[in-house]
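Read from first to last, the chains carry the letters A, B and C; within each, the first residue is number 1.
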Amino acid sequence: MSLLEVNDLAFSFGDKLVFEHVSFTVDPGQVFCLVGPNGCGKTTLEHCVLMHLKPQRGDIRVNGKSLSEYSERELAGEVAYVPQTHVRSFPYRTIDVVAMGRARKQRFLDARADHEQYALEIMDQLGIDHLAEKEYTTLSGGELQMVLLARALVQESKMLVLDEPVAHLDVRRTQDILLLLAKLAKSRGLAILLSTHDFNHPLMLEDEGIDIQMGLMEGGRMSEIGVPTQILSSGCLNDIYGIESQIVEIPGEPVHHFLATWSNGRKDCVDNAKR
Amino acid sequence: MKPNKAKWAAAIIAVVAVFLLSICVGRFPLSPDQVLQALLQRFFGIDFGITPDAIAIVADNRFPRALAGAVVGASLAASGCAFQGLFQNPLVSQGILGVSSGASFGAALSILIFSTTLFTPAFAFVFALLAVGLSFMVARMCGEVTSLMLVLGGMIISAIFAALLSFLKYVADPYNQLASIVFWNMGSLASLESAVLPYGFAVMIIGLVILLGTSWMLNVLSMGDREASSMGVSVKRARLAIVSGASLATAGAVSIAGTIGWVGLVIPHIARFIVGSDNRTLIPFSMLLGAAFMMLVDILCRTVTGSEIPLGILTSLIGGPFFIYLLRRYKGRGWK
Amino acid sequence: MPSDNTSHAINPDTGSGHAYGMGGTNANASGESLFMRRIAAIICMLLAFSLVLFAACSPSRPANPRTGNVITDCAGRHVEVPENAQSVACLYAYTGHVCVLLGCEDKISAVVKGLKRDHLMERKIENIDDLPSPYGQGAINIEELSAVKPDLILVRSSVLQDAGELEKLGGLGIPYLIVDYTTAADQIYSIEMMGSALGSDDRAKAYTDYYRSTFDLVRERVASIPASEKLTVFHSVNEAVRTDIPGTLSYEVLENAGCVNVVSKSSELHLDGEKGNATVEQIYTWDPDVVLVNEPTACEYIKTDSKFSGLRAVREGRVFQLPVGISRWAHPGSVESPIATLYIAKLLYPDRFEDIDISQETKDFYERFFDISLTDEDVESILSGIGMREAREGSSVS
């Protein structure tokens, strides 16, 4: 059984339709990558899955149970969320922020218990344990992203929903995070729903040899679902962005795909991608 | 971890020391021995030959007054903390959100209706809740709730309730009711009524337990509504619980001691400078500081002259300049 | 109307209350809080200074308040009054009581709200509830007042300190008299002065004669009590811990009755305008033999609240509610000072006043000076201090 089943979903803000007829599934250990141009509804779709927004039509099931039957606490046991932007208000210790992921296990007058110990283990696994005692308002953007990811993992849920997790990161950090996600899917059997506007990201994940599906969102629909290399070589980018594209294999490496795109005959992405 | 333990120890010692000081000093000359003996004689029936007036001074005046000071101080500080955390706004406190004036109005109204003080905690609570709700609604009227709008909304609601209280004063019977109504906006521990104390205490303690129990939720809520709900916290219910706890604590304090300004604003900031922003430690630490501060100020109120000095005058006179000093020293640490 | 219209005023010429507070502050400055006291002393000095500034006119009191058409009022102002004033606006509760004393209740055309709740006033002036009350919260509603068209206006001295109120009154062109007092002698003058102004000199004189002779009688009888046997008294005024300020009427009424007012033992009371506030511990320290209370709720509070339970006077059952008639006996704002001093003296030293039947005295007092015939129940009600003053609807005096 799939962990997440989305069936014929439609959402609109007032009169403005964001998307309709969206259906897909995510299995444990599988990464589902939502790709599409800015404003295509990737983030909105994720917020529907997280119960932050209520779709006008359609059905979302988590573990076979309809979302409407979940309380916040129950859903937090199934799905954890890593936001794209996070507003930092108070200078908490970083370890405390990570430990907040245990909120669903916290009861009314519960002492801090073992939450902190658990948070430290996860931070150690992610290699950010040195940040533990720092005030999290002083962290860099990349460090914060790792902390938010750690917080989601501490939640011990079966699925991660990440909204543009690497949008503000440099190439190196991007690669680190994507590889980490691939590892998590593979070793922990996590289901991952991930949104991005960069076609190279799903390609990178596919290279890691994990079970990956890509959903191409465009014009209020999810027009294509499938393995990234297949979708991206089918020439459908031309229909969406009006550009030519081609998957390039890097010579000398096992399988490393990068997407090269040409617009008005200009060739640019390959050089960037190689760095 | 070590320095933290030292901070807690210092705060606890301060509370105990100020409490002891508070039952040992006063206009009535009693040595610390006599104070101890008076307490033992009253509560354990051991006869030290202390005179009844000395026993009444210690056991019926200083002791309940110190206790009330401690709980009122703790309540005001904790609820101030909760409001600041909830609205993520360093400028708010029960005074600025209209909670205090709402509670005062409710308390005064119950005196006018029932001519007994037994219902004041309940009325104070209902109107405290109403006031904070209205402040928030006014702030939300113009779309997004910004810090500025929240403070503005609070000021409006606070002013309305203050005016309503003045109106009650106008229609109140000057011979029988006025004095007790004037008391609500003065703020004092001088006129504690033995009959109301247990209710007031009960309301404050329920409020404090709620605030302590939900302090972790405050942390989670400060991550933003969506993140909080994805971490398993029902945002609406958590907010309601925290606002209720803070309103209960404030209402209980107002119903036994009237409106005492500044404590709810200054003490949480001072505590933030010392132990940081984690509400799980900040709230209990603020409670300790608030308790010590309030008892200390009250000692001054009742010993400096033969008459009572209104508490509010001293809380502002001491709290204001001390706050400026701390701001200077810590350069606003604790807030971004 | 001031929030508590029965309070007495500090006579601006003496500023006695503040001068007193100041002296006490310096005299008692010990090490414990010298700084605070110095600050307090400076504040008191500034207050006293400002009082002197505001109270420009210093009253010189003539033997006869009237010279031709001119009355010298309680502030020493010379005011030309109409020959036969038929409409008087009483903007201070005390002046309403004195009007009744002078048999001029029919001339009252405006009152302060507080007067409407005195039962005995209602008996004298049936339509008192319908009379306009153009004074409240320290300000005169000048349009309401001029609509009444009084011949004469009676106000408190506090009006003199408010330039805005003075200007309004002056603009009206109606003569106004300041009626106020600090001491018993002042009060006697205020009654005689009003008597002169309203053409009731004889009634005024009859009362002030009784006033003086009763004070003298009581003073002489208690004079022989040795200092060691005199009872110490704490007098609660309105609120439980509010008390007398030395040098004022209520202090004098008690002193004349042979009480040692505990306030005289300590001089560190904080004076909030015209109120002297003590603290519970201060009262314990004073350890009075007797507690006299003006306000029934305060009396109940002192008797029952555990805070006061250790007080010797409470334990020995010597907390007494003072009578309430036209006004609260021995209250700083009360017109019934002579019978109050007699009552208190008999209460404390009964064996020296065995010949006085206080119930009969009370009956005679109201019959003779106020033309009120009291039933025995009325007398009982007055002496118990309960029932002669109406609380607002929806509340009980308890």
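By our rule, a contact is a pair of C-beta atoms (placed from the backbone, for glycine too) under 8 Å apart; a residue touches a chain by one contact, two chains touch by 3 or more.
The shown structure was predicted, so the numbers you read here are calculated from the model rather than taken from an experiment.
Asker: Imagine chain B is absent, with all remaining chains left in place, and give the connected groups that result.
Answerer: Connectivity without chain B: A | C.
Asker: Where's the contact count highest, between which chains?
Answerer: Contact tally peaks for the chain pair B-C.
Asker: Report the chain whose CA-based centre is farthest from the CA-based centre of chain C.
Answerer: A
Asker: Taking all protein C-alpha atoms shown, work out their mean, then name the chain whose own C-alpha mean is nearest to it.
Answerer: B
Asker: Taking each chain's centre as its mean C-alpha position, how far apart are chain B and chain C in Å?
Answerer: Roughly 38 Å, centre to centre.
Asker: Averaging over Cα atoms per chain, report the distance between chain A and chain C in Å.
Answerer: Here chain A and chain C have centroids separated by 81 Å.
Asker: Could you put a whole-Å number on the gap between the CA centroids of chain A and chain B?
Answerer: Computed from C-alpha means, the inter-chain centre distance equals 45 Å.
Asker: Give me the residue numbers in chain B that touch at least two other chains, ranges are fine.
Answerer: Within chain B, no residue touches at least two other chains.
Asker: Where in chain C do residues touch two or more other chains at once?
Answerer: None at all.
Asker: Give every residue of chain B touching chain A within the complex, in rising order.
Answerer: Touching chain A from chain B are residues 85, 88, 209, 212-214, 216-217, 219-220, 222-224, 226-235, 276-278, 280, 333-336.
Asker: Can you list the chain C residues touching chain B in their complex?
Answerer: Spelled out, the residues of chain C in touch with chain B are 3-5, 32-33, 36-37, 40, 114, 117, 136-137, 238-241, 266, 268-270, 272, 276-282, 284-285, 287, 295, 297, 305-312, 315, 389, 391-392, 394-398.
Asker: Help me check something: in the complex, which residues belonging to chain A touch chain B?
Answerer: Touch residues, chain A against chain B: 47, 50-52, 71-77, 79-81, 83, 86-93, 96-97, 100-101, 103-104, 106, 108-110, 112, 135, 137, 151, 155.
Asker: Spell out the part of chain B that touches chain C in their complex, as residue ranges.
Answerer: 26-29, 52-57, 60-62, 64, 112-113, 115-116, 169-179, 182, 190-195, 302-309
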